[in-house]
Every structure is written in structure tokens, then in C-alpha cells.
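Shared between the two complexes below is chain A, which pairs with chain B and chain C, respectively.
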Partner chain A sequence: MALLRRSETVIAGILLLAMVLIGTINPAFWQLDNLFSLMRSNVIIGIMAMGVLLVLISGGIDVSFPAFAVAAMYLTIKGMLALGYNGVVLPLLAATLMGLAFGAVNGFFVYKFRMIPLIVTLGTSAMVRGFLLGVVGTSMININKMPTALIDFGRTDVVSVTKADGTTYGLTAMVLIYLGLALAMHLVLRYTMIGRSAYALGGDPEAARRAGFDLRKTIFFIYCVAGALAGFAGLLHSGMIWLANPRDFVGLELDVIAAVVLGGASIFGGRGSVLGTMLGVFMLVMVKNSLIIMRVDTTWQLVVVGLIVIAATALSAWRDRRRAA
Partner chain B sequence: MSDGFIELRNIRKVFAGVVALDAMSLVIKPGEIHCLAGENGSGKSTVIKIMSGVYQPDGGEILIDGKPISAMSPIEAIAHGVQVIYQDFSLFGNLTVAENLAMNVHLGEKRRLMNWRRTRAIAREAVDRLGVELDLDAEVASLPTAGKQLVAIARALMSDARLIIMDEPTTALTRKEVETLFRIVRDIQARGIAILFVSHKMREMLEISERITVIRNGRKVAEGPTGDFDEALITRHMTGGDILNEPYAWIPPPGPPPVPRLEIRGLTVPGKCEDLSLAIRPGEIVGLSGLLGSGRTDLALALFGMVPRYEGEILIDGAPVRLRTTQEAIDAGIAYVPEDRLTEGLFLPQSIKRNMLATSYERLARRLVIDRSQAEEMTQGMVRAMQIATPTAEKPVMQLSGGNQQRVVLARWLLTDARVLILNGPTVGVDVGSKAEIHAKIRELAQHHGLAVLMISDDVLELVQNCNRLVLMHRGRFIEDLPAAAVTEETVSDRLKTFT
Partner chain C sequence: MKAQMNIRSLVNRDNNIVQLLVMTVLIFAVMTALSPDKFLRYYNFESITYIFPELGLLSIAMMIAMLTGGIDLSVVGVANLSGILAGVLFHKMAGAAGIADTGLLTVLLGGVIALGTGLVAGTVNGLLITRLGITPILATLGTGQVFTGLAIVLTGGPAIVGFPTAWAFLGNGKILGLATPFVLFAVIAALIAFVLSRTALGINLMLIGTNPKAALFAGLKRERMVLYSYMLTGVLASVAGIILSGRTNAAKSDYGTSYLLQAVLIAVLGGTNPAGGRGTVLGITIAVAALMLLSSGFQILRFSNHLIDFIWGAFLLLVIAINAYKNRTR
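After this line comes the complex of A and B, so read on.
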């Protein structure tokens, strides 16, 4: 009974239902190569969603992470090209740290000036994007110039299958990175005091202050982690698509927030889980993927994502109100 | 004399030039139940904050176990065994009971990791120590107010408390829950823990405490064993004057009985209340009481057009009306002052004027534009008539005291030319002085303006003193209709206790 009441169970049920439905309309859905490609599409959105989840739990919101991701990615690759460096670990570390630094700016304004996170992150997002295009450059870096180490890393597969016609397809190893980060986030949220402080802050900021939580630490931690995850995901993304586009990730914030809310996190803060978020990400990616397979126009995909955000938020608001009553 | 656990001596506290406390002294003896009585704004919460280390005094001394403490931080206050249970309980509604209880222990030990098994063990111990039943895995938000309070008390008891300060602990509780709370308070006392009960409800103070300290305008004005006090004396100390407490008498006019202002015949709200009939004549104040969930609020909402699906008849001055929307109810001359004026009735950041006119704009804007001079005139008149303490009607309502806020709500309804006034908990959270003024105002409205008043309240004393008739409701039905002169607070309270 307790299992039935958990929102993760409900989301998983809806997800399963949607999979059956989509599979009936389009049997190709269940083919292994489609499933592998679906999982591949989960990676970047999923990693970013972990950061957004943390922010939402604390009662905040973050719309700046796509800008941070693209800035960290483009700056790192520009730097690698300028230095002639070809590697994986150091660049990923650099992108992560850049994201973390950007996140710290968010944290500073949210904590110090008690500003509304939406306004802060809208502002930092616009600034970072503007600087990137205005100062660093607007040109895409294509596969012929991309550092080969990143591309090689991004194309690593866990398993690969050869089809009858001789072509091969595989499941990207990046899925493991995503799963590892998700597990880490789960452990942080559930088994560390800093994770619990995010829930406390989202539940009642005044009570959190009185209880003696160090809210400065909590807020900086939250926004830094969200930024760091975005920076990391940004660079990983360019390795996976063999392209560094300084105009990438436009509108991604809506997708990711939709996925997190779909996964049961409350837009009012205080509630949300990693498992739910992963299910939400999968659902969103699957719906978008199916729309593409069914040749639905991209503009209509936007409508669907918008609808999901509103429906999921309305549902969770209704749920939270019922709980409080 | 220094037999106290904690003692405040000549404490002075100034905020931006305003003296909040001056020469304030208070002694709490080990293991006693002490009441700190005072009106809103008398400095009660400043005293709490000084005792719990949130504020540092600007003068005077704090002594613990007879030893002066130089400067006390909240952490040090807790280390000395001082715990505060705030009015809002300071709990995390999104977390479980267990985590709420164990949180402070974890934080106190400066832990980095969360051990769930230990959390449960800590919580189990806390709940056992209090000797109550609480589901440790329940989310706190899903608990009723009394349950949340138990969690807050259990948490306070965990930290080897020697003094627990309770800030207005009975405000949101029903009479039955208050009794449970008192039992727990006496239990805590039996363990040698002192309790400071901060309140403005005199009956409760007299019932629970051993000693009382009364403060007014930041000064101690009286102190002594509870036996030396009675309600009138406390009131006199709190307000600095006597408050008249004559019961309300309604004298029917000579001649044939007047047509009732409000009459309901067989009013039924499916699932809420059944077959209610009642007539209130001009000038009558009828009290309505019953437990929460008895249907009393549903009746009020139906009369205010908020339950379109009601059955039965409603007559205003003998003419049947159909109330499907609040606008229809207002047009029929019904005014409703809701239970929680702060959330339901007022636009707190808006000005007094806008709040007063909120239901009158329709009339003021007959020709599409608002008649500003008329609006100004109406507001000024009302601020004077209701004696609202403000220099200007442009002041935001949230800067007014509770009593003045309540008067703004009353003023709003008077401006709509209401003939029937329904008051739901008219003085909840209002201090004694303002309470008396509001009561006087309500009586005046009934007596001199011929309004019919239906007063719903948990405060039986309030009803007995201000109504000429009392209706008791239980499970959606009227059980009794008594003349107020024939009952006392005790008989009504006892009768209510039989409703379960």
C-alpha cells in the first residue's frame, strides 16, 4: 500500500502505459537500436536534471544551466584548441569547475540579496550567453577541428550489436556516467546532512534557519552543484555529437524542468527524488523521440513539452495541497 | 532572592529608538508552570526572544542558576536548557515525524551523514519519553495542528530541557485538544521541567499555571501566585483599566414580534448540515457553537452564497432569497467575517481604504469610473466610526494590530449596508483590550442599527457574554437553542463535551 502511494510507482506505471501505447502505434519502438538511442538521449538531459532536482527541492528554480553548459563546453574546447591539448579527464574537470564557478554566482545573489532564484538565473543566463557570443566567438567547431580524444571518448559503447545488413549499433558508455552521477545524487540527497538541508530549506526556510542549518553553505552547495553538473554535461554533449556549437541548448531549460516536475518533484520545494526524476527524464525523452518518429513538426513538439510542464505542475500542486489539507 | 532557574533583572531592550522592554523582571523557578500574560504588543515576544538568546538585551542582567550570563546566543540558551515552542512550531512539513525529531540532534553533533536507523531510534525515544502515540513515518504536513504541536513538544524535550517556553500554544486547538495539552504540560512539570506559558487567554492561564507575571507596555505590572488572581484582576493589569462585562440583553420592542431579519427554514447542505431552522430578529445576537466539523462553518458559508447546492429556504426581512453566489448574498444584505481574517478576509499589503472598499467598488463605480471623493468620504467616516488607530487610511493593513484589522473587516461590511452580520470566530488571536472593543462595536451595531448578528465561536465565554441566545450544533443539526441568561460558561462547556 505504501508502495502504491509513492509517486515514483505512479510515474513508473504511467511510463509503462505510455510505452505500451507508443509500442502499439509504432512497433519499431521496441527494437533494440531504438531503445539504445533512447537511452543515449537520456544522458545529457538526465545529468542536468539531477542539478535541477536539487535546486527544486530547495525551493528554488534554475533556468541558467543550459547557458552555463554551453559556455563551459565552448570555452573548454576553445582552450583545448588554443593549447593543442588532447585529452578527456582534465577538460571535463575544467568544464565542471567552470560550471561550478557560474553556479557560485547564482548562489551568491540568491543567498546574499535573498533574490528570487528565477530572476537571478534568468539574468546570469542572459549574461553568460551574451558574453560567450560577444567575446569568445560565434563560430561552430566541427568534427574536423574537434579534439579527437573527446570524440573517441564520446563514441565508446558498452555493448555493440551487428545487424544482418552489416551495420553496427551500440549502447553508449555515457549511460554509465549518467547512472553513476544519479546514484551519487541519490546518496547525497538521502544520506548526507547537506542533502537533507536542501529538503529542510525547501520545506520551511525559517524553520531551517532556527534549527541551525548553515543556509549559506546549503545554498552555495545547491547552485554550485547544479552549475557543475551543467558544465560537465555540456562538454560531454559536444563529445557525443562531435560538435561544439556556441548557440546550443537553447530552450533546453524547459525540457529539463518539465522532466524533473514530471518525475514528481514539487515546484514549491521540499519534495522530489532521483528515481522519480530519472523516470521523468525517460518519459520526456521518449515522448519527444516518438513525436520525431511519427514525423510531428518540431513546433508541435514544443506545444507538447509546454503541455507536459503545465499538466505535471498542476498535478503536483494538487497533490501537495491535498497532502497539506 | 535568587531561587530561580532563570531570572531576568531590569531588562531593557530598544528597537530603533522604541523602547520594547524597560525594567522588565521575571523569575522562573525550577519545575514551575509560569504564565506570562500581556496584550499583543506588550513585549511578550521580546521577552521570549531574550530568554532564548535571539535578542541581546540593551541593559539589565540575565541570571541562570543565580549566576549572571553576559551575552547569550541561541545555542547557549539551548545548552542551558531553554527551549522555545514557537506558534508556528518551526517544523518541516515535507519531512517525516522521525526526521523532524532527530534533526536537532544531528545538527548538534555536527554530523555530515544521515543515519536513518539512528534517526528512528532517536525519534522513538523522544516519542516514548513524551508518552504519546505518533506515527514516526507520517509526513508532518499530514498531521492535525495538535499532532504537529506534539512533535514540537517531543522535540523540545529531547535536549535535556529545564525550561520550555510555549508561545500561544492553545490558539489553534479545540477545547478537547487543549485539555490533552494541559495534561502533557503537567506531565512535563512532574519531571522537574519548568514551563513558561505565554498567552492572553485568561481562563487557560488560571487553569494551568502556578504563578503569573503580567506585563504591559514592556514593564512588569504584577506578579504572584495564581491563586491571587482572577480574570478581572489580570484584565485590569493587562489593559490598565476595567473592562465592562455585562451580558447582552435584547429587549423585544413592544407590540407584535418583529419580522425576523434572517430566517432559515429546513436548510440542508448535503453531507454537512441537515434541516436547520432559525430566526434572528433585528437587534438579536445569536451565538452558535459546536465542535469543529459540526457544520457551523458550512451553515455560514451557505448563508453567504458559497454553497450553491443548499436546500431549504432563506428569508431576509420576510422575503425569500436564493443565494447562489457571494454577490447575491451581499445584495441581500448579508455580511460574513470569516474565521481567519488574515488569510480569507484581508488584502494585507493593501491600504486600509482599499480593504474597506473592497466590496463597495461595484456601487462606487455605477458610471464606470470610481467616485473618488465619495470613496474618500466613506473611508474617513468609517475610520472614525470604528475608531481605527491610524494616522491615515492609506496605511497597509498588515501594519495594524489584530484588533484594528478586525475592525477594518467589520467596516467593510458596514459599508455594504449589511442587515445580517455573520461572524466566524470574531476575536481569534485578538488581545483582551481589542476584544472588548470589538464586542462593544458588535453590540452597538445590533442595538442601534438593528442588525441581526450570528456569532460563531469556540470561545464559549465570548458567546455567553455577548449573545442573547445560544444555539448548539452537533453533526450538522441544531441540538439546543437556549436564552443566554439561562446558561453559564460552564454549563455550555460541559454540554459541548458530551458531543463526541
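After this line comes the complex of A and C, so read on.
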């Protein structure tokens, strides 16, 4: 009974229902290559969603992570080309650290000046994107210039299947990275003091402070982790699509926020889980992909995502107010 | 003696206004010093009076949403959708004479549709926030996406080009030698200033923003007032959309995307407290003027648009820091 009342169960139920519905409309949905490509589309949004989940749990919001992701990605690859370096681990580390540094700026402004996170992140987002496009450059780095090690890394598969006509398709190994990061985030949120302090901050900042949590540490941790995850995901993304585009990720913040809210995180802070978020990410990616399978015009995508955000937030608000009453 | 007192009280009460004025003069002086021959031309200031009103109206809209501690991230979407819906109507109604010569009645109908779009959009926002209890950030983030999405669905992507002459007059024309949009802005700004400072709605909004709980206990109709404020915000956004489509003679789903950041920046710079309770039309107007001077100066100095975006972002963070510093010393 307790299991039934958890929001993850409800989300999983809705997800299954939606899958059956889409599968009935177009059986191509259940083909293995479609499922593999669905999971592949989960990776980048999912990793970013882990950061946004943390921010939402703490009662904040972050719209700057797409800008951080694209800046970390483009700067790292530019640096690799300039140095003639070809590798995977160091660049990923560099991108992560860059994201972390950007995130620290968010944390600084949110903590030090007690400013609404939305306005702070709007500002940092514009700064980072403006700097990237205005100073660093606007030209795409194509596959012929991309570092080969990153491409090879990005095309690694866990399993690969050969179709009857000789073409092969596989499940990208990046899914494992996503799962690993999600597990780590789950453990941090559940079992570490810093994770619990994020919940406490989102539940009631004043109470959290009086209970002895060091809110400065918590806020910096939250925004640094969100930035670091975004930086990491940014570089991983360019490895997966074999391209570094400094105009990438525009408008992605809404997709990710939608996914996290869809996954049961409270819009008022204090509630949210990794499992729910993963389900939310899957649902969002599936709906967006299935619009194409169901032959809905792609121009409707924005409307659908917007409606999902409204519906999910309305549900979250209704649930949390009922709980409070 | 008495006059002196008045000036002093004015300075004290509107400390922020004085600072804004000083900043504007400073920007003006610096830009003049940097490129006197180009910056000081009449043409430069005239073109500012045409671009100024769109951003000014969006910023006032943002300020009104912030009065109750909210925010409206859908203003740009509403503005574009209003312009596009009117454009679609004109293209449907265009007779053999062509769009430019559309009758005045049709143009009026287009205006009603555009303003109606803003009113409906604002009502939707207001109801989501007051009735369903969604936080303003997420509610307007979602609806903004829906409005922009509808704009894409209606146009299929490309811009709707070609508006009636009478419509273009609103964005391009002149009344008594002044830019029509500027005159429109002045009238609307005065009206909003009156509503905010002299009517029950405005005073209620200030009180609700200052202390929501006290306002509730004092028996203010919080939900209704907040709903009205978002309706007003939506209508202002649609007026901005009318002026934008009239000025450019086109409407597109992704026009003015950088206006969102600028509107937030101007609202905060103009002395609005994003947590609610404080904000004036005068502050916003001076802040818009300051930013417009700055922006035209940068354009004369050949800064790229991306770089200007960078500067806006940096400016916003700077203003946040300064405001926090000022509040601490008080």
C-alpha cells in the first residue's frame, strides 16, 4: 500500500500507460532500435536533470545550466584543438571543472546577495552565452576537426545488434555513465548530510539554519554540482553527436525542468527523488520522440512541452498543498 | 526654505530615482566622449524613441508581475503571439487591394484580437498562479512556451511579413513630430503610474507584495488582485507586440528573445524589488532610457550583439550586488 502511494509508482504507471498507447498507435515504437535510441536521448537530459533536481529540492531554480554546458563543451574542445591534445578523461574533467566554476558564481550570488535564483541564473546565463559567442567564436567544429578520441568514446556501445539488412545498431555505453551518476546522486541525496541539507533548505530555510546546517556550504554545493553536471553533459553530448556547436542547447532548460517536475519533484522545494526524475526524463523524451512517430507536426513540440510543464506543476502544486492542509 | 524642504524630501524619498538619473547622465556623458560625432546626432535619439517603447512596455509589465513577488517569463511569447494573430487576420482579410490598404475597421479588429490575446494569456497566467497555486516562475515558463509554440504552429516558422499601413503607423509613424510608439508609451506609462499609485488595485498590489500574510488578514482580495495584475501584464505585453510588429512590418515567433533578460534587468535596475512590494513606472522609464543610451552607444562602437548580451548579464549581476549592498547599510 505504501508503495502504491509513492509518486514514483504513479509516474511509472502513467509512463507504462503512455508506452502502451503510443505502441498501439504505431507498433514501430516497440522496435529495439527505437527503444535504444530513446535511451540514448535520455543520457544528456538525464545527467542535467540530476543537477536541476538538486536545485529544485533546495527550493531554487536554475536556467543557466544549458549555457554552462555549451560553454564548457566549446571551450574544452577549442582548447584540445589548440593544444593538439587527444583524450577523454582529462577533457571531461576540464569541462566538469569549468561547469563547477560557473556554478560557483551562481552560488555566490544566491547566497551572498540573497537574490532570487531565477534572476541570478538569467544573468549568468546571458553572460556566459554572450561571452562564448561574442568573444570565443560562433563557428561550429565539425566531425573532421573534432578530437577523434572523444568521437570514439561517444560511439562506444554496450550491445550491438545486426539487422537483417546488414546495418548495425546498438545501445550506447553513455547510458552506463548516466546510470552511474544517477546512482551517485541518489546516494548523496539519501545518505549524506549535505544531501539532507538540500532537502532541509528547500523545506524551510530558516528552520534549516536553526537546526545547524551551514547554508553557505549547502548553497554552494547545490549550484556547483548543477554546474559541474552540466559541463560534463555538455562535452559528452558533443562526443555523442560528433559536433561542437556554440549555439547548442538553446531552450533546453525548459525540457529539463519539465522532466524534473514531471518526475515528482516539488516546485516549492523540499521534495524530489532520483528515481522519479529518471522516470520523468524518460517520459519527456518519449513524448517528444513519439510526436514524430505519431506523425504530429514538429511545430507542435513547444506547445506540448509547455503543456506538460503546466500540467506537471499544477499537479505538484495540488499534491503539496493538499499535504500541507 | 519650504522649496528646499520639498527638494530634500523628494531626494530622500526617491533616492533610487536620483541615482538612476545620475547614472543616465553619466552614460550619456561617457558615450558622448567616446564618439561625439555619431552619438550626438539627432537621428540616433530619434531611432531610440522608436525602439524604446517596446522594451519599456515589457519592462513595466515585468515590474507589475514583480510587485506581488511574482515574475512573468511569458511576456515575449505573448507579444509575438499577439502580433502574429493580428498578422494572420490581416492576411486572411486582405482583399484585392493588398494588405497595405486594409480598411480601418479590419485594423481595429486586428487590434482587438491582439489585445484580446494579451488579456486571455494574462488571465491564463493569473488563474494558474492564483487558482492552481503554481509558482509564477514555472507557470509563466510553461505558458510562455505554449504561446511561442502556438506562434510557431500558426506561422510554421518563418515571419509573417506585411501589415496594413494604419498598423505600421503605430510602430513607425509620427504624431506632432514625435514617434507614435513613444507617444503611446508615454500615455500608457502615465496611465499605469496612475493605476499603481492612486487606485485600489495598485495600492492593494503593493500591500500584498510587502506582506502577503498581513494583506490576507487585512481582508484584501489577494487572488483577485493578483489575477488582475497578470491580466494587466498580458495586455501590456500585447501592446508591445503591436508596436513591434508595426515597426518591423513583420511578426515572428522568435522576435525579441533577448528582451526577456533586458526586461528583468530594467525592472530590477529601475528599483523594483523582485520579492514584491516596491516598484515605480518612473524608475522603469529612466532605467529603459539609460539602457537604450548604453545600447545605442555600444552599437556605435561596433560591439556585437552577443557581447551586448554579455554586458546586460554582467550589468544585472552588478545591480543585484549594489542593491544588496545598499539594503545592508540601511
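The rule we apply is simple: the second predicted complex is superposed on the first by the 324 of 325 C-alpha atoms of A that agree within 3 Å, B and C clash if a C-alpha of one lies under 4 Å from a C-alpha of the other, contacts with A are read in each partner's own complex, and residues count from 1 in each chain.
Everything that follows uses one rule, which is that a contact is a pair of C-beta atoms (placed from the backbone, for glycine too) under 8 Å apart; a residue touches a chain by one contact, two chains touch by 3 or more.
Treat the numbers as computed from the prediction; the structure is a model and nothing was measured.
Chemist: Looking at A:L100 after the superposition, I want to know if it touches chain B, chain C, both of them or none. Which is it: first, second, both, neither?
Modeler: neither
Chemist: Just chain B (first), just chain C (second), both, or neither: which does A:L291 touch?
Modeler: Neither: A:L291 stays clear of chain B and chain C.
Chemist: One more residue to check, A:R321. First (chain B), second (chain C), both or neither?
Modeler: second
Chemist: Have a look at where A:C224 lands relative to chain B and chain C in the superposition and call it first, second, both or neither.
Modeler: In the superposition, A:C224 contacts neither chain B nor chain C.
Chemist: Which partner does A:L171 contact after superposing on A: first (chain B), second (chain C), both, neither?
Modeler: A:L171 contacts neither chain B nor chain C.
Chemist: According to the contact criterion defined above, which of chain B and chain C contacts more residues of chain A?
Modeler: Of chain B and chain C, the partner in contact with more residues of chain A is C.
Chemist: In the overlaid three-chain picture, which partner chain does A:Y199 touch, first (chain B) or second (chain C), both, or neither?
Modeler: In the superposition, A:Y199 touches chain B alone.
Chemist: Taking the superposition on A as described, I'd like to know which of chain B and chain C A:R210 touches: first, second, both or neither.
Modeler: first
Chemist: Using the superposition described at the top, list the residues of chain A that contact chain B and also contact chain C.
Modeler: none
Chemist: Mind pulling up the chain C residues that touch chain A in the complex?
Modeler: 71, 128, 132-135, 137-139, 141-150, 152-153, 156-157, 258, 260-261, 264-265, 268, 274-275, 303-314, 316-317, 320-321, 323-324
Chemist: What does chain A use to touch chain B in their complex?
Modeler: Chain A residues touching chain B: 190-196, 199-200, 202-204, 206-208, 210-213, 266, 269-271, 323-324.
Chemist: Within the complex, which stretch of chain B touches chain A?
Modeler: 74-75, 86, 88, 90-95, 99, 103-104, 106-108, 111-114, 116, 139, 141-142
Chemist: Using the touch rule from the top, collect the residues of chain A that touch chain C in their complex.
Modeler: Spelled out, the residues of chain A in touch with chain C are 61, 109, 112-116, 118-120, 122-135, 138, 254, 257-258, 261, 267-268, 297, 299-310, 313-314, 317-318, 321.
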